[in-house]
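Structures follow.
Both complexes shown next keep chain A, but they swap its partner, so chain B is in the first and chain C is in the second.
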Partner chain A sequence: MTKVLRQIALVSGKDLRIEARSRQTLGLVVVLGVLIVVVLGLGLGPQQVASGMAATAVLWVAYLFGGVLCFEKTMAVERHDGALAGLMLAPIDRGVIYAGKLISNLALMVALALVVTPVAVVMFGFDLSASPFGFAAIMAGGFVGFAAVGTLFAAAVSSTRLQGGLLAMVVFPLSLPLVIASTQMMARLFGEGEPLGSVGLTVLIAFDAVYLVVSWLVFELILEP
Partner chain B sequence: MTAITAESIMPLADAVPGTASPAVAMRRLSKRYDERWVLRDITLDVPMGSYLALLGANGAGKSTLLHTLAMLSPATRGGLCLFGESAARPSPALRARLGMIGHQPMLYRDLSAAENLIFFGKLYDVSRPKQRALDMLERVGLADRAQSVVKTFSRGMTQRLSIARALMHAPELLLADEPFSGLDVPSVRAVSALLSELHADGKTVILTNHDVRQSLELAQRVVVLRQGGVVSDRPVLDADAEEVTREVIG
Partner chain C sequence: MNTLKKKIWTAYWLATAAMFAAAVAMVFAWTPTEATMGTVQKVFYLHMPVAINTFLACMVTFIASIGYLWQRRQVWDDLAASSAKVAVLLCSIVLLTGMIWGHSAWGQWWTWSPRLTFSLVLWLLYVAYLVIRPSIESRQRRALVSSVYGVVAFLDVPLVYLSVKLMPDIHPSSIALAPEMKLTLLSCFVPVTMLAAGLIAARFHLQRAETLSMQEADDPSLDVIPVRPAGGLT
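Coming up: the complex of A and B.
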């Protein structure tokens, strides 16, 4: 078990080191996320902005589009110069590659959220101090499930020529239950001041568990050098 | 067609007294992409410590065969055993006995030469990976560029680093897919010397190449593929360059 964890850390550590050096993904993703929040926030106008549902939906749109870019970019690193074949030759379980990529994607999405969320707080007047842990729990649940699906399909789509558009088309519908659950919980949390219910969180955790297990199992089948 | 398993191949190898399992045993190995068969019923044994050159025109199936031997893509039918173990569901230990040099370097452009080698060394559980990486860089003549990122390397340097990556874990079987393509003369000499050194160390080398004369100088045995099938298989001592070239061209 320790060996597998060490291998996962190696794969994700390598991705994050490449990102820290090239800064190609994060810069792009953050700019996109901020633009989405600001443009949609201004476009909706003050009345819609005041509505909790519209505001949280805009925030999730930024996370979703930014996330898809993260998934594409971390997989593109493996497609350059056939690096993925080098990984696949190594004596590691294919699931290790999946888990390593998943962690890299989650780290990038968290970095995206750290920039985009404060912008949304200012634009939409969220009061994060009302329930910071509830907010963090919804984010964590939503991000893990979304990254689980996104990492899986990024690997599948990366061997095709369609890439960007196709990945979004596949991942968005599959993530719909997560997005709906997360958005509604967040809207209730900030819009109506309701405490975080255990049902909503259970739904999120159940989705995460299913997506993670299925993705780990099928990753080997979809991976092509 | 019945798949050949390790169990069914082992007795064949053991039937010859004093011989171990071959490094590679293929039985009617076939591979299909969509409706096209790119490998057809290939049956070959590659003994341990041998140096085999696979020759063939473009599209003959050389790279596909090496990818299948590397367990990067499964055969459509037939059997493959490496070191007496079935390649159908390869164990990590079996994967660790293989190294591959491909058309592409299989390196990370934004990492330095040393970082690439250390990363792969750790994946293979190489002891003292940093020291091993420095040793390998020395061996391929890149010690002075250890900290340079790969994207600044020339084609020849990248290829030498790719060889260092493939050798980081001291594999027993090296699959080299056209390792000389795009290299200048000094780099070709350096790479062919490295492959010969490996063979002299007792490793098994399978090389694909377009240059018939060079292959006959380097290898012990030459196999010609055409349209996915084996058309000739002979020791280089019995091979005439002109004749082999005719077989390649068809």
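Coming up: the complex of A and C.
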């Protein structure tokens, strides 16, 4: 067990080290996220912005676009110099590669969220004080499911042309239930002041479980150098 | 296609058309008009059977996708693509008939009610399936990516259902129908299912012919791709 965990840490550590040294992806997605928040804030105008509830939708738009870029970049790293073939030749399970990639993607998305969320909260006057942990839990549940599908399809799509539009095209419709569930839960939590029920969280955990298990099972079929 | 096959095919479509005509006659001449909604309620006899068949077509795509991942035979991919096309067509009809119903019942063409959202997300899921297919050039890669998508998209359907249940609802959850209405619904269900199955079969036939002609153009051995051993390239 510890061996597998160490292998996962090695795979994701490698990705994160590359990112820490090049800072290619994070710089791009953070600026993109802030731009999306600003554009939507300007587009919605002062009336809608004042309600505060638009913030969750705006945040999801920023996370979705930023996330797709993260998934693409972490997989594109393997496309250079035949790195993927080397990774596949390593004596590790394909599931380990999936888990490692998933963790690096999640780390990038959390970094994105740490910058973009405060920006949106301030610009939209979204009052998080009612339940900051509820907000974090809902977003964490959403991120895990989104990154699970995104990591799988980034690997599937990365060897084809037209990557950019294609990955978004594949991942967005599949992530819609996550967006619906989390925005509805946010509306209840912050709009109507209901406490975060176990039903809502169970739905999110069920999503994550389904996405993770299916992606993990299918991942080894689609990995090709 | 030999003559016998052609005859069976013609008979099938004639039977479907005849049953459609009979069902339409039943809907308008025999079934009582609903008290509150009036004539618009009759769109329901098309709406519900098509909705059920949409689901069945999605299931065919799901099963064919699993078949492809399991056996790597092109024939499964052709079946998955054909039924996905029919699923999108049927889902469009569900959305349109649903909007006609909604306009007369709630006075709006579109409301974000759970079931409308559910149908819309389902439609988007399978439209995306059709859109991503032509943008992948390699045939095996296309089959692989779309079969993975076909599996995940179908598993997504119950999740969409769960998530829309969190939204406020105005849709009828249980419907009380007069016995004549039930019989009419059943009589509409048969031709709609026959139409859906016939469309999938026709589309599959065409897709098969297309694939076979493409395969003859390049390598005939491409039909079966050996499954690589899992766990390494050794």
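Brief remarks on what is shown
Methods note: the second predicted complex is superposed on the first by the 221 of 225 C-alpha atoms of A that agree within 3 Å, B and C clash if a C-alpha of one lies under 4 Å from a C-alpha of the other, contacts with A are read in each partner's own complex, and residues count from 1 in each chain.
Quick note on the criterion: a contact is a pair of C-beta atoms (placed from the backbone, for glycine too) under 8 Å apart; a residue touches a chain by one contact, two chains touch by 3 or more.
Source: prediction; values computed, not measured.
Of the two partner chains placed by the overlay, neither chain B nor chain C lies in contact with A:D127.
One of chain B and chain C touches more residues of chain A, and that partner is C. Touch criterion met: A:P173 reaches chain C, while chain B stays clear of it.
Residue contacts after overlaying the shared chain place A:Q7 against chain B, while chain C stays out of touching range. Legend: residue contacts after superposition of the two complexes on their common chain; A:V149 is shown touching chain C, with no touch to chain B. Touch criterion met: A:M88 reaches chain B and chain C at once. In the superposition on chain A, A:Q184 contacts chain C only, with no contact to chain B. When both complexes are overlaid on chain A, the residue A:E220 reaches chain C alone and has no touch with chain B.
With the contact threshold set out at the top, residues 85, 88-89, 91, 93 of chain A are in contact with chain B in one structure and with chain C in the other. Interface residues of chain A facing chain C in the complex, by the touch rule stated above, are 85, 88-89, 91, 93-94, 149, 152-153, 156-157, 159-162, 165-166, 169-170, 172-174, 176-178, 180-181, 184-185, 188, 200, 203, 206-207, 210-211, 214-215, 218, 220-222. Of all the residues in chain A, the ones that touch chain B in their complex are 7, 10, 14, 17-18, 21-22, 77, 80-83, 85-93, 224-225. Residues of chain C touching chain A in their complex: 69, 117, 121, 124-125, 127-128, 131-132, 135-138, 141, 144-145, 148-149, 151-153, 155-156, 159-160, 162-164, 166-167, 230-233. Of all residues in chain B, those touching chain A in their complex are 67, 70-73, 92-96, 98-100, 102-111, 115, 119-120, 122-125, 149-150, 165.
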